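Comments concern the structure below.
Per-chain residue numbering starts at 1, and chain names A, B, C, D, E and F are given in the order in which the chains are listed.
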Amino acid sequence: MGIHHYFKSLSDLEMIYRCPGKFKFQEHSVASHSFKVAKIAQFLGTVEELAGKDVDWRLLYEKALNHDYAELFTGDIKTPVKYSSPELKRLFNEVEEEMTRKFIEREFPKEFQKVYLGRFKEGKDETLEGRILAVADKIDLLYESFGEIQKENPEPLFLEIYEEALSTILLFKEMTCVQYFLQEILPDMLRERFIEQSELVEITEKMVEASKND
Amino acid sequence: MGIHHYFKSLSDLEMIYRCPGKFKFQEHSVASHSFKVAKIAQFLGTVEELAGKDVDWRLLYEKALNHDYAELFTGDIKTPVKYSSPELKRLFNEVEEEMTRKFIEREFPKEFQKVYLGRFKEGKDETLEGRILAVADKIDLLYESFGEIQKENPEPLFLEIYEEALSTILLFKEMTCVQYFLQEILPDMLRERFIEQSELVEITEKMVEASKND
Amino acid sequence: MGIHHYFKSLSDLEMIYRCPGKFKFQEHSVASHSFKVAKIAQFLGTVEELAGKDVDWRLLYEKALNHDYAELFTGDIKTPVKYSSPELKRLFNEVEEEMTRKFIEREFPKEFQKVYLGRFKEGKDETLEGRILAVADKIDLLYESFGEIQKENPEPLFLEIYEEALSTILLFKEMTCVQYFLQEILPDMLRERFIEQSELVEITEKMVEASKND
Amino acid sequence: MGIHHYFKSLSDLEMIYRCPGKFKFQEHSVASHSFKVAKIAQFLGTVEELAGKDVDWRLLYEKALNHDYAELFTGDIKTPVKYSSPELKRLFNEVEEEMTRKFIEREFPKEFQKVYLGRFKEGKDETLEGRILAVADKIDLLYESFGEIQKENPEPLFLEIYEEALSTILLFKEMTCVQYFLQEILPDMLRERFIEQSELVEITEKMVEASKND
Amino acid sequence: MGIHHYFKSLSDLEMIYRCPGKFKFQEHSVASHSFKVAKIAQFLGTVEELAGKDVDWRLLYEKALNHDYAELFTGDIKTPVKYSSPELKRLFNEVEEEMTRKFIEREFPKEFQKVYLGRFKEGKDETLEGRILAVADKIDLLYESFGEIQKENPEPLFLEIYEEALSTILLFKEMTCVQYFLQEILPDMLRERFIEQSELVEITEKMVEASKND
Amino acid sequence: MGIHHYFKSLSDLEMIYRCPGKFKFQEHSVASHSFKVAKIAQFLGTVEELAGKDVDWRLLYEKALNHDYAELFTGDIKTPVKYSSPELKRLFNEVEEEMTRKFIEREFPKEFQKVYLGRFKEGKDETLEGRILAVADKIDLLYESFGEIQKENPEPLFLEIYEEALSTILLFKEMTCVQYFLQEILPDMLRERFIEQSELVEITEKMVEASKND
């Protein structure tokens, strides 16, 4: 029993890689993903706050930092499996909750159990913070899939992930932070361009030519 | 639709690493594991054959090469989750079978579907070949965990895996090939020794001394 | 200009590895480290809160998530260099602040600049949250060096890092959360034991023996 | 002496990477390659069987699983070296056979030596199974080189490998399984297409537009 | 104290990767870079010698092999930081020299100190050998950035590095070896072409067609 | 044809890893190895020079930097194969020389061919520089195998490599630089010690205790 095991488990999240079984140019661990989601949620929360919403920052950060912790207990179950029947999904959620509860009771001293039971709850609820988490999680996934497409990963899966992530974000289109993302951030992402090798010839020739007149 | 997708999927098995989320000195992919299980099963089958048993080699190799293919559809579900309730286990099995069936119907031309439905069936049944597969699968797991323990991986999980693998092998202790493994192979594994840095001093001194008299 | 560049830069932190130029069994990125520090700070803050302290959670999470972001601009400067003279240290700090300010002015729209200038400030100040960050940062470093020592990394540097991290933690020994760490967590870490290969012989023999009487 | 060394050597094949000294996006080990060749040979054998041929499945699997095992003894000798003179080629083959024979005599108990001497023989002979192995080996090489070309590896070597592999396959064009490959599988491989970043703009705009009318 | 530590430190240079924090398809260590710079300098020196210049080969090799050794003491400080003010640059150089001096005095026996103090001096001075080093260092950087652009790395940084490297080379355009590089080597680099997947269709069809007439 | 191909091939040496097919904690490329051998040879040459020998530095550096370049053409052929018969060894050397000659004639302009034919010759001859190379090559191999043994690699091969490397070094025991190595450097290597986890308990307790009296 002990917090030591909990601290050690954080490092295990550095060794769970997302989307196994598909070729990727860049791997992302659950630990890194959780960091990025927390930072993106921070920005989205700031947008909502500037628009006059009341953000419970403590709650928002807790949701972002913990939202994938349970993968330590359950492993990586493919989404089509998880959602293949409502019955399986319900049972699976029960198992996940049970395992989390047992982990907390085994590793956490009494006085911390209540607060950690709250922290390990499913975070994507109907609160403002739950919705910000849902959006931030998908924005990071959008960036991960965009990174692969931009590096010319031929695997069609990444286009499917991009579309799935975007369509989930669009479900929250009434939120100010989603509108901000769609209008101010996404266009910049799409405007990113490649350096073509053919440009190199031109650039090189110009530079060599210019240097002759120095 | 097409065999092309099936051939391509073989390479995805090179990118699924066993036992994610735990520090390992050496990673093992599902593709490599399947290769090693097939080779170990080959040896175990040879022992049984020499002892007079009739081995259906075609069936044995099919079982060994295919036994983890379905991880492509389902992902890596941790064992405690899978076995947490008989109901969940039954549902998971149904989903796995359903997904395999759909994959075969989608990717394989009609004339191959029947033979591949057979090949993708759960292999660890009560036949001689099914039992050899069960043993070979655990022998490779024993070697994987032994490799980590021998490299001094401090993660206690690998001792648990070693014990779990050995205890499963012992369930089949009536089989000639298991007796052979226990008597002729396992003792050699356990006799492997470390090279201590302290030995280096002695070896070095002896060699330097000896060279003086050349 | 744009938040897009800021979001993209989060992924660059996944590719900065801590402590370059030394052999390590397990690498840790700045992104992963920031995640772990945020989670450790969360626990330490909970201890302080239970002890009756008032924790500004928003501030604590901001400090933890941002504390190493500036490495993107400055690179990894070895500590002995940074601290070689008070003058150099002062100049380096000025450059770091200047670069951070320029980055924010270039990439962030006006309305976000003030809040992000605050977020990117040096976090380890005299506030309760600043001190929790200082401790959490060193606890993660302690775990990183312990992980190497436990895996028998022969590099003496990791013992030096362990000692340096522990001695910084001890500077904050008046804090409730540090006392909790020293009394309840650190002893569990030190009690972790190795699995000796020699144990395997014994375990194996016992299991084989026991199975004979089944 | 012992089977233990043979079992352990299987794991060494996980650490021999094909085509060293050339930049690759995805590495393939000899163990993985052997697995894939066995699975491809399984399919090709099935095609031949459906066409009425008699397949010796035991032999086919043995050939596929063992065909590169001798690289453990000889290392990776570049093809132009191996074939630079008929004399050198003959000598290399003699050395390889001698080393394999010695390994079997040293590691395998008497009763297994004969069967393993057979299994480690050069597999690509004139039998149906030998020809299926020759084709399956090259199909996997074709997929490996295609994977690099598709990911835009600028190294011209991979085009040479693609051509060399295809031309070897074409030598066996009278075989039913080769005709099946050329007509049903290869066209699907060549039809695979890239996702262009430019498509993303269009897809994104359509999705955002559509969501406005929800 | 001892040469042993110096020999061991060479291996640390194998674990310092250039340009951290940016996605790269191929990593380059400081050890590999130093090797390549020494080989490129060898060629450039040969060009100068054939043109009648007197090359001090001992000096040239020493400069090339040692030019990045000090990164072991200072770490990887980003160029914009280093050059942000003349004062910082001066101070930083003083620290680097001081650290190098201390390292030599601590690790090298008296009789070797003078020669190694010379070897660890900043190599890019006004001598012929110093200028060859400056060019060789940038040619390797040009190749590293070209390798990324050719593999379609979307990171604009690599174009900036390419331009910066080329413009530094052009500063030395009066040197025979630079003229040789610009006229004989650079054009070959730029002429390198991609294999397009679309070519595969044509090549494949031609080969299949041709084989029909065998 | 062109120097461009020669420059590009240097990067291929970064992707040839030494001793494939054996588990290693730390990989070493041929490029890194060549760098380290050149630096070790530099030190050994300095010892000889201080002892009054005349060192041809140009020759020494050329030998060190080029000594494994031919692995690009031939691949990694295991030593027992190469030396299995004098006839094979002779033929193999002829092939290597032929391939090197052809490479130089194909890639190098006429005016450079002679000097590069000299540079690519087998370097380990009877000259002082040839003997220094032979020793430096084995010292680096000794360090590579020591690094594995020190990290507790259970593979007995590394002890064999250590012994083989040391016994080759001892063949040159009359050289001043070898005596220096044996007396001044090797003992320091062997004196390196492990950090035991058990020490951590003691160190930690002392530090915590001491901090109580601050």
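Rule of thumb we're sticking to: a residue touches a chain if its C-beta (ideal position, glycine included) is under 8 Å from a C-beta of that chain, and two chains touch if they have at least 3 such contacts.
Just so you know, these numbers come straight off a predicted model, no measurement behind them.
Novice: Go through the assembly and pull out the chains touching chain C as well as chain D.
Specialist: Chains touching both chain C and chain D: A, B, E, F.
Novice: Can you name the chain that lies farthest from chain E, using the mean of each chain's Cα atoms as its centre?
Specialist: Comparing chain centres, B lies farthest from chain E.
Novice: If you tally contacting C-beta pairs, which comes out ahead, D-E or C-E? Let me know.
Specialist: Answer to which pair has more contacts is C-E.
Novice: Do the two copies chain B and chain C share over half of their interface residue numbers, or under half; same or different?
Specialist: Both copies touch with mostly different residues.
Novice: If I average the CA coordinates per chain, which chain comes out farthest from chain A?
Specialist: Of all chains, F has its centre farthest from that of chain A.
Novice: Using the average of all C-alpha atoms in each chain as its centre, how far is it in Å between chain C and chain F?
Specialist: Inter-chain centre distance comes to 37 Å.
Novice: Report, in whole Å, the distance between the mean C-alpha point of chain A and the mean C-alpha point of chain F.
Specialist: Distance between chain centres: 45 Å.
Novice: From the mean C-alpha coordinate of chain A to that of chain C, what's the distance rounded to whole Å?
Specialist: About 21 Å separates the centre of chain A from that of chain C.
Novice: Where in chain B do residues touch two or more other chains at once?
Specialist: If we look for residues of chain B contacting two or more partner chains, we find 11, 13, 23, 25-26, 147, 150, 152, 186, 192, 194.
Novice: Which chains touch which?
Specialist: Applying the touch rule to all chain pairs gives A-B, A-C, A-D, A-E, B-C, B-D, B-F, C-E, C-F, D-E, D-F, E-F.
Novice: So in the complex, which bits of chain F are touching chain C?
Specialist: Listed in rising order, the residues are 25-26, 147, 150-152, 192-195, 197, 199-201, 203-204, 207-208, 211-212.
Novice: Okay, in this complex, where on chain C does chain E touch?
Specialist: 11-13, 15-17, 20-23, 71-78, 80-81, 84-85, 87-88, 91-92, 95-96, 98-99
Novice: Flag every residue of chain E that touches chain A in the complex, lowest number first.
Specialist: Touching chain A: residues 23, 25, 146, 149-150, 152-154, 156, 158-159, 162-163, 166-167, 170, 173, 182, 186, 190, 192, 194 of chain E.
Novice: Residue numbers of chain E touching chain F in their complex, please.
Specialist: Those in contact with chain F are residues 2-8, 10-11, 13-14, 26, 28-29, 31-32, 34-36, 38-40, 42-43, 46, 50, 57-58, 61-62, 65, 109, 111-112, 115, 119, 139, 143, 147, 184-186, 188-189.
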